[in-house]
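I have a structure I would like to understand better, so I am pasting it below and will then ask my questions one at a time.
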Amino acid sequence: MNLHEYQAKDILRTYGIPIPPGEIATSPAQVEAIAAKIGAAVMVKAQVHAGGRGKAGGVKFCKDAATAREKATAILGMKIKELTVEKVLVTKAEDIGTEAYVGIIVDRKTKKAVFMVSAAGGIDIEEVAATTPEKILYHPVDPRYGLQPFEAQQMGFFLYGDAKQARAAAKIMLQLWTAFVATGCSLAEINPLVVTPAGEVIAVDAKMVIDDNELDRLPAVAALRDESSEAPSEVDARKANLTFIKLDGNVGCVVNGAGLAMATMDLVKYYGGEPANFLDIGGSSNPEKVVNALRIITADPSVKAILFNIFGGITRTDDVANGIVTATKANPLKVPIVIRLTGTNEELAMKILKDNGFSASSDMDEAVQQAVALAKGGKAA
Amino acid sequence: MNLHEYQAKDILRTYGIPIPPGEIATSPAQVEAIAAKIGAAVMVKAQVHAGGRGKAGGVKFCKDAATAREKATAILGMKIKELTVEKVLVTKAEDIGTEAYVGIIVDRKTKKAVFMVSAAGGIDIEEVAATTPEKILYHPVDPRYGLQPFEAQQMGFFLYGDAKQARAAAKIMLQLWTAFVATGCSLAEINPLVVTPAGEVIAVDAKMVIDDNELDRLPAVAALRDESSEAPSEVDARKANLTFIKLDGNVGCVVNGAGLAMATMDLVKYYGGEPANFLDIGGSSNPEKVVNALRIITADPSVKAILFNIFGGITRTDDVANGIVTATKANPLKVPIVIRLTGTNEELAMKILKDNGFSASSDMDEAVQQAVALAKGGKAA
Amino acid sequence: MSVFIDRNTKLVVQGITGRDGSFHTKQMIEYGTQVVAGVTPGKGGQKFEGTVPIFNTVADAVKATGANTSVIYVPPQFAADAMMEAAAAGVKLVVCITEGVPVLDMTRVYPYVKETGARLVGPNCPGLITPGESKVGIIPGRICTPGNVGVVSRSGTLTYEVVYQLTRAGIGQTTCVGIGGDPINGTNFIDALEAFERDPKTRAVAMMGEIGGTDEQEAADFVKHHMKKPVVGFIAGQTAPPGRRMGHAGAIISGSAGTAAEKIDAFKSAGMGVAQRPKDFVQLIQERLK
Amino acid sequence: MSVFIDRNTKLVVQGITGRDGSFHTKQMIEYGTQVVAGVTPGKGGQKFEGTVPIFNTVADAVKATGANTSVIYVPPQFAADAMMEAAAAGVKLVVCITEGVPVLDMTRVYPYVKETGARLVGPNCPGLITPGESKVGIIPGRICTPGNVGVVSRSGTLTYEVVYQLTRAGIGQTTCVGIGGDPINGTNFIDALEAFERDPKTRAVAMMGEIGGTDEQEAADFVKHHMKKPVVGFIAGQTAPPGRRMGHAGAIISGSAGTAAEKIDAFKSAGMGVAQRPKDFVQLIQERLK
């Protein structure tokens, strides 16, 4: 789950990280009031889950409250990468001496959370990694001990020659580490970490990505989810415990397991079709999930055929069959459906489907070819 | 630093451990008011840093507020192991089903904090260890990972066959562990951990000992020190950063280093004398410490001779010499002094002493024998 | 022969009385796995299905039954503790089926289990099966048949798909190992490949990877330099949208974006066979077994 | 020969610009120790006394100078971090002089340093000296003289006392090791005894213990079963009141109250010489060197 900049900043502030004052606004009038309260030049920053906000015109420097109102009028409601800007952060504009990057991510290879720090901040770290990789210091944190002060200090001195700034950065890194762990992050970054002309070290922008698996035990963090910034079908899927990603094709896919779901999409493509979505109903299934999956898929008008590909393990195929029957009784399908299932409780599932007028195959390639043909308007084989 | 029962309970309560309600009182009238507020049978418990309070009559069951006032009148002001009872804890008397012991201490051998748990609670754990050692489970905690829930659960099931009680005890152990670490303890114990007839698991008595080395970074804990419960000379010494323990003899000893201080006391005894105290002026010395040491020792009327035994390493003997000169100028000594010093800056120290009319030797055995003789009223050799 | 599990595997099931745990325990027993104990705190002393003794703790179970392997079916918030409990109790193989374990939990579990000397498989994996001998986890037994192909996969159901097709074509398996799809897991491709290379019965290996990370590239490198046995690989997700969990920052550290194309190139340059569709494994393996 | 330090010891001083650090660095240099670097964060680039380069971090110091040993003179609240920093930077010997380190800090520092493969001596110790070669810490150089007696002690000043008396009697030392008096420390008696047993130059060992804990009893057991060289022991605190830091609970775990009498008995039953007074070492060692 991505947090907005203002949410990440609110969290990091509670851990003691120095961050310029700011408030969130949803209207130009609010923006003007906040800017007036700050009483100095401000930044008005679009709060959407998209990179490149600045380039898209979503981040503006405003010398006074009236300008802030004017710029906010343009930003609120604009679209950045198909996301509508509903909120802006109004924050004190800081004079910037130098810009550095400080981030933590969980790394598969070292199996640890790893700090990445670079004195080349203010731009995308991917760009730094691609062009001047030697400017990035990687520091894996031993999860058994956590980040130690001396490690933070080493990184601080990597960023700054000045001891006071190095120490201030080290303190911020220790605070960022504590926030990272306590908030269940898979990524947390400060970019840029700024040294002001006065020599203060402050966080001017922040990003946090929460591990979805943490949300159950961190209700306060889970409550930060902003559904207005997500596609409605994906919100719907998540609430039904489904993993769903909307794509551009016309073969609606319902699969159990991410690997098989991807392989199914690949096979749709292989046989000349285009998948309309990625949809994983996950392990431990129940009929309700299938009902929800069908509801979400059939809501997409571009879907011309539905393909179920279920290989039962922990998922019981009879649960899936029951779900299909229940869902289609309540809302009869308007597009053809191709069902492939095999594995746990397969005989029972086949019987349920047959008793309710569905046919089902047990061969994946056959089923995919059939669904592709149906989506193209051909007849089922 | 020892905490009183009521202080330990206040801390453990903030970590979620279930503890019967109670308040502290310094007068019988207060006791009566608290007991009336509790509105049930209460225990009135002397708050002094001494074991065996119960046997000494410092812990009483009182069926009502009037009885509580009466018992409190007897307890307040009584002496337990030479300590005057200034405060009592008035706490709800709980019905007791079973009594267990749960403690954590730092163990030199495993170099870890170790849980000790036993279903034989309510009595001194030393007694259990001596008579039925098989009734104690020892569980060292890996400091890198901290106490894990499964470990707490294993200990919970060691105490109780009932799963609900085992889980409740496990939760308490996790809370106790968190409190132990956060409060900088060298010992924390709940004894007894009680199962009430209703099946609730609660902590009826608690003890915490804080590692003195933690106090600098835990000011809130350091503020819990109750100086009224300590010998004034020891309070005085601690404030002067000296380690001082009053003993029964007449040779006042001022030594640097605990090992040499003990060896000096042993040698006083070896040569037929009796040390009046253990006093370690510690490492990194300064003249002020010596001034304070002399003040504390000369305040003891039983001291008949003073023995300095200083072997300079990190302690500079010139600091010690300056301290002796300063202190004796301000307050001329009324008892003879024997000075032995050698090591860092010895030549300078000897010169300082000589210039101020003191003699000093560099032989420990000679100095000790001389001090013993002077304390007995003989002449210096 | 086989890898990791065989007929001597003595299994303790953590979460034996839960919905998934009880269902799959029955399946494992039916398959012939020696399920010697179950663990559900508070149900110690009871028996599962009248036969398998239940204990309050894994330590008790190991002490009483000599279990050497554990399989975990507990909810995600308890899974890290369950893995550590199993390793601390002295079992040599810990298989965690549970999906949804927080990745920061795994950063702690991984070194903990390693220090005990136990092998962890998973989490978020289907477990293992040595056809005809033992099944630990949830891989459906009837799709497998004994033989001499080792199977290792990051995916659950995709593994079934491939094994199913192999079996239908008469190609049996030594052991199928589902290593799980989480960013941090206990056993990786190289661990399994190493074991298959050492196993005298295994003659070829089928390996199913996915987009993301660089495990497949490292596995290809291992195949190139350390394996004599043929390996056929597959990558799921050629048409998938970029993964949304980690963003790009993870790829910076790994020095790779983890795309399907990169991984397939790595397979090719290691001289591995590359399956385009799951069913292609059949022919590619058959060619290599000749 | 010697143990732990010798003329090849290249020392970095952590806290070189502090009151104690600067004083004792001068003493160490004067004694002939190769002090190659100092560390004070923020003073990197400066020089101590115009000669010893100062760095911001131990890692920088080690990289630039090849220091293989570190000595720590920082305030207690920073000592744990300093020990970990030194070990992480790759020095092989970390000597912590600082007194007053919280014991819970040490429970974490101990395994951390051990995992790096470094040896920790201390904290709360006087350090080591190999007379005529190198001094790391605060043991006064002029009380020592080269010879063939190894000295190991839990106490600081008591060590000086004994070494002083040995030197005055013409008995020289291979190395004097102050292991420190804290409940948790990096090097114990057995580590030092083992090193002295292996050191070809050492012919006898003087060992000074204290009341509390069971280290001396275990050391006696080690002497009995693993040492050919004679060892003479002393226990300080025969007349001391019971220690007030740990109470009795510590003794339950150790299975002993840690009294002087117990320890002396252990020495005797291990066949060790027992010094009643510090000065008794002289005669007891002389007898054993004949």
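Each chain gets a letter, A, B, C and D, in the order it is written, and its residues are counted from 1.
Criterion: a contact is a pair of C-beta atoms (placed from the backbone, for glycine too) under 8 Å apart; a residue touches a chain by one contact, two chains touch by 3 or more.
All of these numbers come straight from a predicted model, not from anything done at the bench.
> Looking at the contacts, which chains touch subunit C and subunit D alike?
In this structure, the chains that contact subunit D and also subunit C are A, B.
> Count how many hops through touching chains it takes, at the least, to reach subunit D starting from subunit A.
1
> Could you see whether B-C or B-D has the larger number of C-beta contact pairs?
Ranking B-C and B-D by C-beta contacts puts B-D first.
> Let me spell it out: compute each chain's centre from its C-alpha atoms, then which one is farthest from subunit C's centre?
B
> Averaging over Cα atoms per chain, report the distance between subunit A and subunit B in Å.
Using C-alpha averages as centres, the distance is 54 Å.
> Centroid of subunit A to centroid of subunit C, CA atoms only: how many Å?
Between these chains, centre-to-centre, one finds 28 Å.
> Could you list which residues of subunit C touch at least two other chains?
Within subunit C, the residues that touch at least two other chains are 108.
> At least two other chains touched by the same residue of subunit A: list those residues.
Those would be 144-145.
> So how do the chains connect up here, line, ring, star, complete, or something else (other)?
Chain contacts: none of line, ring, star or complete; other.
> Could you please write down every pair of chains that are in touch?
Touching chain pairs, listed by label, come out as A-B, A-C, A-D, B-C, B-D.
> Quick one: in the complex, what on subunit B touches subunit C?
145, 148-151, 153-154, 157, 163-164, 166-167
> Touching subunit D in the complex: which residues of subunit B?
For subunit B paired with subunit D, touching residues are 103, 105-114, 116, 125-126, 129, 136, 138, 143-144, 181, 184-187, 189, 209, 211-214, 216-217, 245, 247, 255-260, 262-263, 265-270, 275, 278, 282-284, 310-315, 342-344, 364-365.
> Can you list the residues on subunit D that touch subunit B in the complex?
Residues in contact with subunit B: 19-20, 24, 27, 76-77, 97, 99-104, 106-108, 110-111, 126, 138-140, 143, 153-161, 164, 181, 183-184, 208, 210-211, 213-215, 234, 236-241, 244-250, 252-254, 276-279.
> Under the stated contact criterion, what part of subunit B meets subunit A in this complex?
Subunit B residues touching subunit A: 144-145.
> Which residues, counting only subunit C, touch subunit B once they are in their complex?
41-44, 56-60, 78, 81-82, 84-85, 88, 108, 112
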